[in-house]
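Contents: one structure, followed by commentary.
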Amino acid sequence: MLRQETRDAGIAVLLGEGVRKAEERAARYDKAATWAVWSFAGVAIGILAFIIGTIFFRGITTALTPSFVFGKPQAIQAGGGIWPMIVSSFYLAFLTIAIVLPVGVGAAIYMSEFAKEGWITRLVRFGADSLSTVPSVVFGIFGMVIFVIYFGLGYSLLAGALTLTLLNIPTVMRTTEEAMAAVPHSYREASMGLGASRWETVKKIVLPSAMPGITTGTVLTVGRIVGESAAIIYTVGLFVRKIPTSPLQPAAPMAANIWHMYTEGALVSDWMRVANGEAAFLLIVVLVLNLLARLLAKVYQKKLGTKEAR
Amino acid sequence: MKAIDREWIIKKVLLVLAMMTVLGIAMIIFFVVKESIPAFRQAGLSNLASSDWSPESGRYGMLVFFTGTLATSLGGLLLGAPLAIAAAVFLTQMAPRRVKTVVGRGIDLLAGVPSIVLGWLGLTVLVPWIRALTNSTGTGILAASILLAIMVIPTITAISKDALEAVPRSYREAALGMGATRWQTIRQVLLPAAKPGILVAVILGMGRAIGETMAVALVIGPATVFPKSLTSPTHTLTTKILIDMGESTGVQRSALFAMGLVLLLLAMGMILLIRLVTRRMQPVR
Amino acid sequence: MTQGNVKLERSPYPYTGQVVIERAATQPNVCDARVKIELRNLGLYYENFKALEDINLHIMCNSITAIIGPSGCGKSTALRSLNRMNELIEGARVEGKVIMDGENIYERDYRVVRLRKRVGMVFQRPNPFPKSIYDNIAFGPRLFGVRERNILDCIIEESLRRAALWDEVKDKLRDSALTLSGGQQQRLCIARVLSVQPEVILLDEPCAALDPIATQRIEDLLSELKNEYTIVTVTHNMQQAARISDFTAFFMIENQGEPGRIVEFGETSKIFTNPDDERTEEYITGRFG
């Protein structure tokens, strides 16, 4: 009989005043949580706005003039420019892309079109996962040991590009694989049904359809390379006076040069100004590349008449 | 016949390219181990594991830096993870479409801000603030944690968002359909269902925080002793490697590689942890 | 099933919603002749697309109302409008009124949370939470402040018994609900709805994903539950509507892109034997084939 009573008590709770109280409490919590989450999101965006705003404002007010951007750097006196650093950054980026793109895309093609699930794919995935978690400073000292010293490349764009290739393979692989996974299976079947070999199918059908994703991924990778510093400080160099011309010459990408300004900057009285300018310029480059990636995705989308692959 | 041969060659070439990942990680491990052997041979494990770093007297202890790495990354997670998970909840459950696009893109953009730029801002803005507020040098674990929090937000948000989006819509409908408020639904149904994914997000965020170098290097101090407070200078593994590598030789240099090895082991540990979490979540889903 | 003639009249008192049901005096009352929910000129939009138009329905206490019609005619949308689940879709907008017990549930300050407690919903695919059987049922009572263990135990047993699931799961309440079969999961979902003491139960094609035996069990269950609850179910299955429901509403869209409308509403026996509208007849006979 006790059971009956407890049961009635439960039902009474669910039909009675208790529910109203629980509801009101739940409504209060809901309101508070909504408010909290909105403000958290606001904080996140606020931080971002603050970062971008401050860097831009400082860069524009103190540094970014044509003579600074296109000027020659100075080692011991004020008034130096950063043109060789800008060139270094992009030189390094394009050199790296030139190596990492074939490797990463090739690996992705193998993984998504040729490989059968097995120990090889597991091994490759493990390798990619590991590479993507290794801290960039470890890539840096590794690159220093093997490319700079062991292969005798010295501090050079090539040594840096090879180091950054390893660092970026996982990203390029992943974006490419995602882009290829978005290509409908029926395309491949149609092509192979017409007698095309697997490679012909990849070359003529899969890769073209995956191009938008690969392109956006590549543009974003350029952004990552331009912003990378820890991996290049001991492979590429920190300061140059002349624009590097050969991949075997040392260079000074902006990101590395900011570090140089901080550590050795006391040599030039306006080192803060140089660092501010480079920081702002770096950020502009990253923002422009982001916009470019989005724009490209949109253009492709229109052209192919399909949904965005990524 | 010729076509098949070509196909075979292409396949092997692609296989070689794919194996570059394995070759890469193997070489990294090999060389980092090789370079750190002298430290283990000549200084010994107990020396390396001590908290005394004074190369001039043959002491190569890395405990201070190890502690610094753990402290800064845990601090970063403590500050950043709640914000990031809240942002993921916001993006998937609360934001109106237009706000969602703006906030989502903003957070994507945050991921693109180079760490040296963030560190530079930390050095020139954050550190003076902390200095003024706490009457200290302003550099140290607090400043580094704040920067790391900002850096882990995009990572954790993106992956938590995916995890929340992967929760079947039907769970949400079921909860709301019974009279749960939106927050009750999030708290009691969606977050628990997305928990493994969010855990992976936090671990990856931790990985990013442990490996971060430049931003931390600019605001950490530096000093080779345990910090007296959250606002006194110290070092992390990454920053010590970065700052000392240029001027070190012999055993000291090798000890820096040993630190690199510790970082590698931490990274591998993260991967194993993630595999464990994802494997355990398979049968539940 | 009665063959009586049902005449629905708009009540002169806007909020009581009484209807007059004329039936042979000898027939026992199937329902107590009270209207639980009244849909008045309900229309529903998704953004600019009008999904429903001019829906007028009376849903009686202690009866099963079936909503039938070809797919895409707005059946589920109409059902979801009864506990405002349609609001989960961004851009959904409602015009007209849905009056339950004298109150318009679309009134600005109407408590949605309370509405959904009173009007429970069972979905097409069984959707238990990835929790234990116990926690699935306890979810609702806990939301409404029931914390005491023994009371929860009793509510859970009671709900499972009513959903005719108790005997099958009483020894494994701690197991994950996802280990149950599809039919059991659906009954668990019904038990979950029952646990918060609702007044109305909405079912959106509850048997669509089930085999015939599981379907039979759910149908039996519903026939039993209608003694205590008001039930509205959407179904694709004509026989099912004919077997279990007391009232049937037939929905249709004239042409692609037009909103769904009610073609005919009345006692099930009449709709299935002697419908007024030709289209109803065509649909039903076509389906009975």
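A, B and C are the chain letters, set down in written order, and residue numbers restart from 1 in every chain.
Throughout what follows, contacts are C-beta pairs under 8 Å (C-beta built on N, C-alpha and C of every residue); 3 or more make two chains touch, one makes a residue touch a chain.
Protein identities per chain, from UniProt: B = Phosphate transport system permease protein.
What you see is a predicted model, and the numbers here were worked out from it, not measured in a lab.
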Taking each chain's centre as the mean of its C-alpha atoms, give the chain farthest from subunit A. C
Note: of the two pairs B-C and A-C, more contacts are counted for B-C
So, what's the distance in Å between the C-alpha centres of subunit B and subunit A? 15
Counting in whole Å, what is the centre-to-centre distance of subunit A and subunit C, each centre being its mean C-alpha position? 51
Shared interface positions of subunit B, touching two or more other chains: 180-181, 184
Can you list every residue of subunit A that touches 2 or more other chains, as numbers and ranges? 26-27
In subunit C, what residues contact two or more other chains? 113-114, 117, 143-144, 196
State the interface residues of subunit B toward subunit A in the complex, per the touch definition above. 3, 6-7, 10-11, 13-15, 17-28, 31-32, 35, 82-84, 86-87, 89-91, 94-95, 102-103, 106-110, 112-118, 120-121, 123-125, 150, 153, 157, 180-184, 186-187, 204, 207, 210-214, 217-218, 238, 241-243, 245-246, 256-257, 260, 263-264, 267-268, 270-271
Touching residues (chain side subunit C, partner subunit A) in the complex: 111, 113-114, 117, 141, 143-146, 150-155, 158, 196-197
Residue ranges of subunit C touching subunit B (in the complex, touch as defined): 83, 85, 88, 90, 113-118, 120-121, 123, 125, 127-131, 139-140, 143-144, 176, 178, 189, 192-193, 196
Which residues, counting only subunit A, touch subunit C once they are in their complex? 3, 6-7, 9-11, 13-15, 18-19, 21-23, 25-27
Sort out for me which residues of subunit A touch subunit B in the complex. 26-27, 29-30, 33-34, 36-38, 40-41, 43-45, 47-49, 51-52, 54-55, 102-103, 106-107, 109-111, 114-115, 120, 123-124, 126-131, 133-142, 144-146, 166, 169-170, 173, 197-199, 220, 223-224, 226-230, 233-234, 255, 258-259, 262-263, 272, 275-276, 279, 282-283, 286-287, 289-290
